[in-house]
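In the two complexes that follow, chain A is the common piece, with chain B as its partner first and chain C second.
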Partner chain A sequence: MTSMISHAQALQALRPGADAPMRADGLAVNDLLERFHPDYGAKARVSLRIGANAGAPCHPALAGLLESNALIDDLDLAGAEPLATDVLVIGGGGAGAAAAVTAAMRGARVIIATKLRIGDSNTVMAEGGIQAAVGADDSLQRHYEDTLRGGHNEGDRALIAQMVSDAPEVIRWLIDLGMAFDLAEDKALGSTLLRKKAGGTTASRILCHRDFTGLEMMRVLREAVELQRGIEQLNRCPAVELLSHDDGSCAGAILYDLERRSFVLVRARAVVLATGGSGRLHLQGFPTSNHYGATADGLVLAYRLGARMCDLDSFQYHPTGVAHPRHLAGGLISESARSAGAHLLNGLGERFVDELKPRDVVAAAILRECAEGRGIARDGQTGVFLDARALVAADPDILETRLVSLGHLAAKCGLDPRQEPFLVYPTLHYQNGGVMIDGDGATSVPGLLCAGEVSGGIHGRNRLMGNALLDIISFGRRAGTRAAESLGQRQAGRGGINHVHRWRRALAQAELPADVRAPLLYPSYGNFHLRRTAAA
Partner chain B sequence: MNTLNQVLLNPAFQLGADLDGWRAAGGGQGLDAALADPGAIIATLEAADLRGMGGAGFPTHRKWAAAAAAPAPDGDKYVVCNGNEDEPGTFKDRHLLRWTPHQVIEGALIAAVAIRANRVVLYINPHQAEGRAQMRRAAQQWAGTEAVRRIERLIGKPLEIAVVATSGRYIGGEETAVISSLEGGFPFPRRKPPFPAESGCHGAPTLINNTETLANVPHILHHGAAWYRGLGVGDAAGTKLYSLSGDVLLPGLYELPMGTSLHDLIFVHGGGMLEGKAFKGVFTGGPSNTLLTARDLDVALDFDSVRLRRSRLGTGAMIVISEGTSIVRKVAEYIEFFANGSCGQCPSCKAGTFQMARLLDRVDSGRAGPGDIAALRNLCRILPGSGRCGLIDGAVTVVESSLHTFPAEYGVAEPAPAETA
Partner chain C sequence: MSETVHLTIDGREIAADPTVSILQAYAQSGAELTANVGCMGQGVCGSCRCMVRKDGERQVSTLLACETRVEPGMQVSFIDYFLPAHVHHYDLKDLHDSWGMLDQIRAVFPEAEHCRHCSGCDRACPKGLPVQSGVAFSVAGDIAAAAAVFDQCVMCNLCTLACPENIRPNHLGLFVRRSVAALTLRPIDLMRRLREVASGEMSVNVTLPRVETATAAPRLAAPAQDR
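Here is the complex of A and B:
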């Protein structure tokens, strides 16, 4: 255990009124990342042994799930309630809702299946905002370059180009659905959208609704799902396996109805997986900002059916997760606090990084402070300070106007942001990689599309703030459109789980255990077991 | 017995359309032997006890003898290689067509010699695009060869080798449907008699054999009947391609001695049951036969031995089912396949397969009423024998057998008295 500076001592080191000094850093960005970012280092990756990405790197905990056995047997399908539809959307976050609404508007019959209820998702938790190059001083080209650079030049250029080009239309679509964005001037008519700057961007490009943008977005999407004809919702029905045709294409999915405790078999011409991320895997013991449903289910299901993935060893650790009090650990303090001018300080009261650098750099810098003894300890939790005192002093209304959630969070943490800084520590936030898609969300498995955080390739190995909310609507709509095109193309035939049998053979031949079962559906501390009767 | 046979799947023969390579590997000698003594061919096949591998196990020499003896009114006789293969669980012919086209074509040429046929038709499922392309190329390679000239001298006519695409439908593989199809019509089966060997394509005598049957012929002529018989286990003769699939660790195409036991196929060659689950049963032969169960694991997989267990070897397809896999669901899947495959000519088959599929779907999805099982049983009683071809009979057999052997999966406690009797 490295030594830490106590909370009381650290408070004393704060210089009231004065600007905190920036410590000369002395470490090149690459060095910093390699030595301190959790994506690097010995525990960060193994090679997958079976499946479409065999030989490719993957985080060990995720690999354990990807190379796992199915939850169900063929026999479970007997007696399952059979449903049929044109398009099955799995996941009720922003990507899923956008896909469902778009497909239904094009005449497809849609079923949207969610693990909890529609809207219980990472989308509602998004605070900061959404990127779109709509300012006169901005351009699609700059948005493209920022995104590519932010992702360490690893993102798929065609996907990025398409996404940034979609952005203005995405905003228009959301406004048409009724979403409210913050405005630059306080006028009833003729005002322009308020634009904020985000880490890693060269222009002010973040559009937001206060600091609960995702909640507002999900509000209108959820209404659209409710009101749009042709969408049937199956809430509390997590997908436990996909269905396949003999040619390996996707034929639908098997859901587990939590209320009736029975399986539901949905045959579909096209399936859109929009199950979001994997923060609840708590990789390397990190806390997470993600909601309870973020257990990598979509990756597991798609991989078992043969979908190709990318960057499975790349995750985003958000620099400023709550570190104290313990029961709130991992919860996010939005980047909007730093965009507005909040500073990061170590136990010596020094700034140690430009707060608006890309997230991986800022997170690594915080981990370095803690590793090198300049971190702050409080009741067994460690971290650094996020200091918003000067900010609030300069604009006393800000907690009621632009940083509403920050004010609420401070209250929950039992501190007054005017007086005292937050204790923060990086939190597992976003899955950079995922299922590889084309511009329409199509995967390497016919009949299976993906949209949102479950897909990969867009953000390279690091995502910029505000690009996820853009991604989910841009690709969610495109996947919905493409899925609706499959209408009338292929007969929704009887599907089966032959791919599971093939998978079990591959497991046995690679001498991988057959008793690890996934998707997880809920984190282990959720105490959920598909079969209550099992000894588990 | 746990050795692999290496005749049809001999790695040296897996060449694709390469006639020189095939000759270098020993190909062509069967045809030479046939041309040296055409009158002895059929007797050799009889001595070798070669059976039809297309499903029925009918003695090949009897068909050939009938076709040889049949007069040819317009001077034409046909040899048709049936390469339509399109059943759940069977995947042997597609391999032979793709990888050993010359082995197959040489067999067909020997048949032409034996029955004096001037038209050889290679009838290939277009869904197996690569197999069809290889067969096309391979057929062209025979044109103008000395062997073909010798055949033409023997039959006194030009020899035509044509590669024809089937409709790609399951029913198109039934032999009288093959004939309708070659005549340019829909692949509708016809009533027999007349048998194709007497009056087939455009009324000409037509010998139709399965791809695997023909692939055996060159080797028999080359190495002799005694050698071929010796490849089998006990009384069973020759070598067999088994298409192993289902809940086993190592599914695949295995060439084994005819008469290898079911146990050895699954547990020695197939690597045992997937995840070590308990064995439940096997759908054999293109799933249109009586299910084999744990009691039958010792059965020798040859035509006669399997028949003694009241089932059939069929095409040699073995779809293995373990605990955890639903029999009803599988049966429902197969009957749906048959219902889609029914050509619709015979009302009993068209409506019968559809009704059975509907009832099975209800049982499978837990929506069956008490009358549904009784309805299934009634259909099993009235449908058999009501169609022009064997499709409806096969479909009924698998339903009846699963109902009889696995009543609990249908939610029935005991087999009905009429069936136990």
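Here is the complex of A and C:
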């Protein structure tokens, strides 16, 4: 067990008022990541044995799900209620909502199927903001290069270029839908947008609505979906398998209706998979900032149908998850706090990293402090301090204006940010990789599109703050447009699960177990078992 | 660890650690959790709505289960979501004339003028927003004040459930806020950048930075042989 500095001792070490000194023994960035970031260690990857990415690296927990058996059989299809539509959107977060609204506006009949409820997603929990290069001192090129560099040059250059070029129009689209953004000056016309700094960026580029930008975005998008003609919502209907044509293209999906406890078979000309990420897998034992529904379902479904993936061994650990109190562990403290000037301090009262480095670097630096005995222990929880005291002292209104969520969180943690720093520890936050897509969200499987966190290739091996909210709207709209274009192209044939039969043969040939079944649909603590409840 | 707390959630007798939220206690009890759950503690998704009666109190309050700590003797019932029978339909595109805003509010939300000031919405709001005043501001046309009231609304719909006049206050508030943004938010820096992008004056050169000058990525450990 690594030694830690007690919370009381660490508080003693805080210097009142004065600027904290910076440790001088910083490692080179690559050394720091290789030694302390969870993605780079020996437990971080295995080789996939079957499927489109056979031989490619994948996180072991995710590999177990990708190389699993289907939840359903032909028998389940026989009793399923049949539905047909032009576009089936799976997932009710920002990407799914943007795709559904866009497709419906173009005249497509849309069904949006959600596991929980429209809007229940990581989108609503996003706090910091959305990147768009609108400043006079900024450019699309800088946004592009920052994104590429932040992802260690592993991102797809064409996808990044398209996304950053979309960004100004994305903001306009959101404003036209009724989303508010903070302004730099309080005047009706001629004002500029308030722009915040993000870790790893060369210009202030984060646009926001206070520090609950995702809530503002999602409540507007949810209302837009609910009021849009041509969209039917199927809430509490998780997708349990995709449907395929004999040529291997996507024909729709099989949903499980939790209210009726029965299967629904939705045939569609195009399917947009917008199921989000996988934080609730709690990889390597980390807590997560993610929504309850983030269980990698979309990756499992797409992989079984043959979709190619990338960077399945790359995840984002957000530097500042709550570490204490324990019942809030993993909850997010927005990068907005560091963007506004909050400092990270170890148990000796020292700063140890430039707080506005990219997230993987800052997270690795925190893990290093804890591993080398400079972490802080409190009631069995460990972490470092996030100190906003000077920030609040300099701007006493900030907790009511720009950092509203931070103020609420402090109250829940039972601390006064004017007096005492937060105890923070990295929290599993984002799935950097995912299903490979082209600029329209099309995957290697005809008829199957992806948008949002389920897709990969944009953020390389590390995402910058504010690029997720941009990603979901940029690619959500494009996928919705492309899906609506497939109107009338292919006859929606009946569709079946021959791909599942092929998959089972591949499982058997690779001597993989047939009793591991996925998608998970809910985390283990959701106590959900499809068969038990379906039979009951 | 500290002593155990006993409470009742949806009819189940549950023993829980006193530091956890109602939602965590429910999940830890082994109950199936496939609804009324979302952000699990951040308090922004509005999914885990519940009625809570504290031990020895007659008053029932509506709260979010992820933000409320368990207490001994609490009685809790989750409030399931249903798609509402009555929805106020509007298309923001019809709102191009901001002179017509007052009439638009009346046309889309005619019930708002019928508010009987029962304060049911105020009591229902788990965020403590002064919802009823937001309704009054909307009717009076004090758009900025109405927008401010609903700024932190998480759209849990508890005020909608509570309103005897079917006003759907949170949706009225969102309508007002969306109208303000769609009709008045015209940031000049965004407008300039949109023009530069549309004209081709600004674009991205994907050949930069050159691959050879890019910094080397950190090295990954080899895949593990066993799982």
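In the analysis below, the second predicted complex is superposed on the first by the 531 of 536 C-alpha atoms of A that agree within 3 Å, B and C clash if a C-alpha of one lies under 4 Å from a C-alpha of the other, contacts with A are read in each partner's own complex, and residues count from 1 in each chain.
The definition used in the following text is that a contact is a pair of C-beta atoms (placed from the backbone, for glycine too) under 8 Å apart; a residue touches a chain by one contact, two chains touch by 3 or more.
If you're wondering where the values come from, they're calculated on a predicted model, not measured in any experiment.
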Legend entry - Clash-or-fit label for the pair chain B, chain C on chain A: fit
Inset, instruction - State whether A:Arg494 touches chain B only (first), chain C only (second), both chains, or neither. - result: first
Inset, instruction - May I ask you to decide whether A:Arg505 touches chain B, chain C, both, or neither, giving the answer as first, second, both or neither? - result: first
Inset, instruction - Considering only touches as defined above, state whether A:Gln12 meets chain B (first), chain C (second), both or neither. - result: neither
Inset, instruction - Could you look at A:Leu75 and tell me whether it touches chain B, chain C, both or neither (first, second, both, neither)? - result: first
Legend entry - Partner chain in contact with A:Ala514 - chain B first, chain C second, else both or neither: first
Inset, instruction - Quick one: name whichever of chain B and chain C touches more residues of chain A. - result: C
Inset, instruction - Return first, second, both or neither, reflecting whether A:His291 touches chain B, chain C, both chains, or no partner chain. - result: second
Inset, instruction - Enter the shortest inter-chain Cα distance between chain B and chain C once the structures share a common frame, rounded to whole Å. - result: 23
Legend entry - Those residues of chain A which chain B touches in one complex and chain C touches in the other: none
Legend entry - Residue ranges of chain A touching chain B (in the complex, touch as defined): 73-75, 77-82, 265, 494, 496, 501, 504-505, 508-509, 514
Inset, instruction - Quick one: which bits of chain A touch chain C in the complex? Just the residue numbers, please. - result: 29-30, 33-34, 37, 39-47, 57, 60, 63-64, 116-117, 119-120, 124-125, 132-136, 139-141, 144-145, 148-149, 152-154, 157-158, 161, 164-165, 168-169, 171-172, 175-181, 183, 188-193, 210, 212, 214-215, 219-220, 222-223, 226-227, 233, 235-236, 258, 291-293, 313, 325-328, 331-332, 404-405, 408, 412, 461, 521-522, 525-528, 533
Legend entry - Residues of chain C that touch chain A when the two form their complex: 17, 19-21, 24, 27-28, 30-35, 37-45, 47, 67, 69, 81, 83, 87, 89-92, 151-155, 171, 174, 177-182, 184-190, 192-194, 197, 202-206, 208-209, 211, 214-224, 227
Inset, instruction - State the interface residues of chain B toward chain A in the complex, per the touch definition above. - result: 246-247, 249-251, 274-275, 323-326, 328-329, 332-333, 336, 361, 364-366, 409
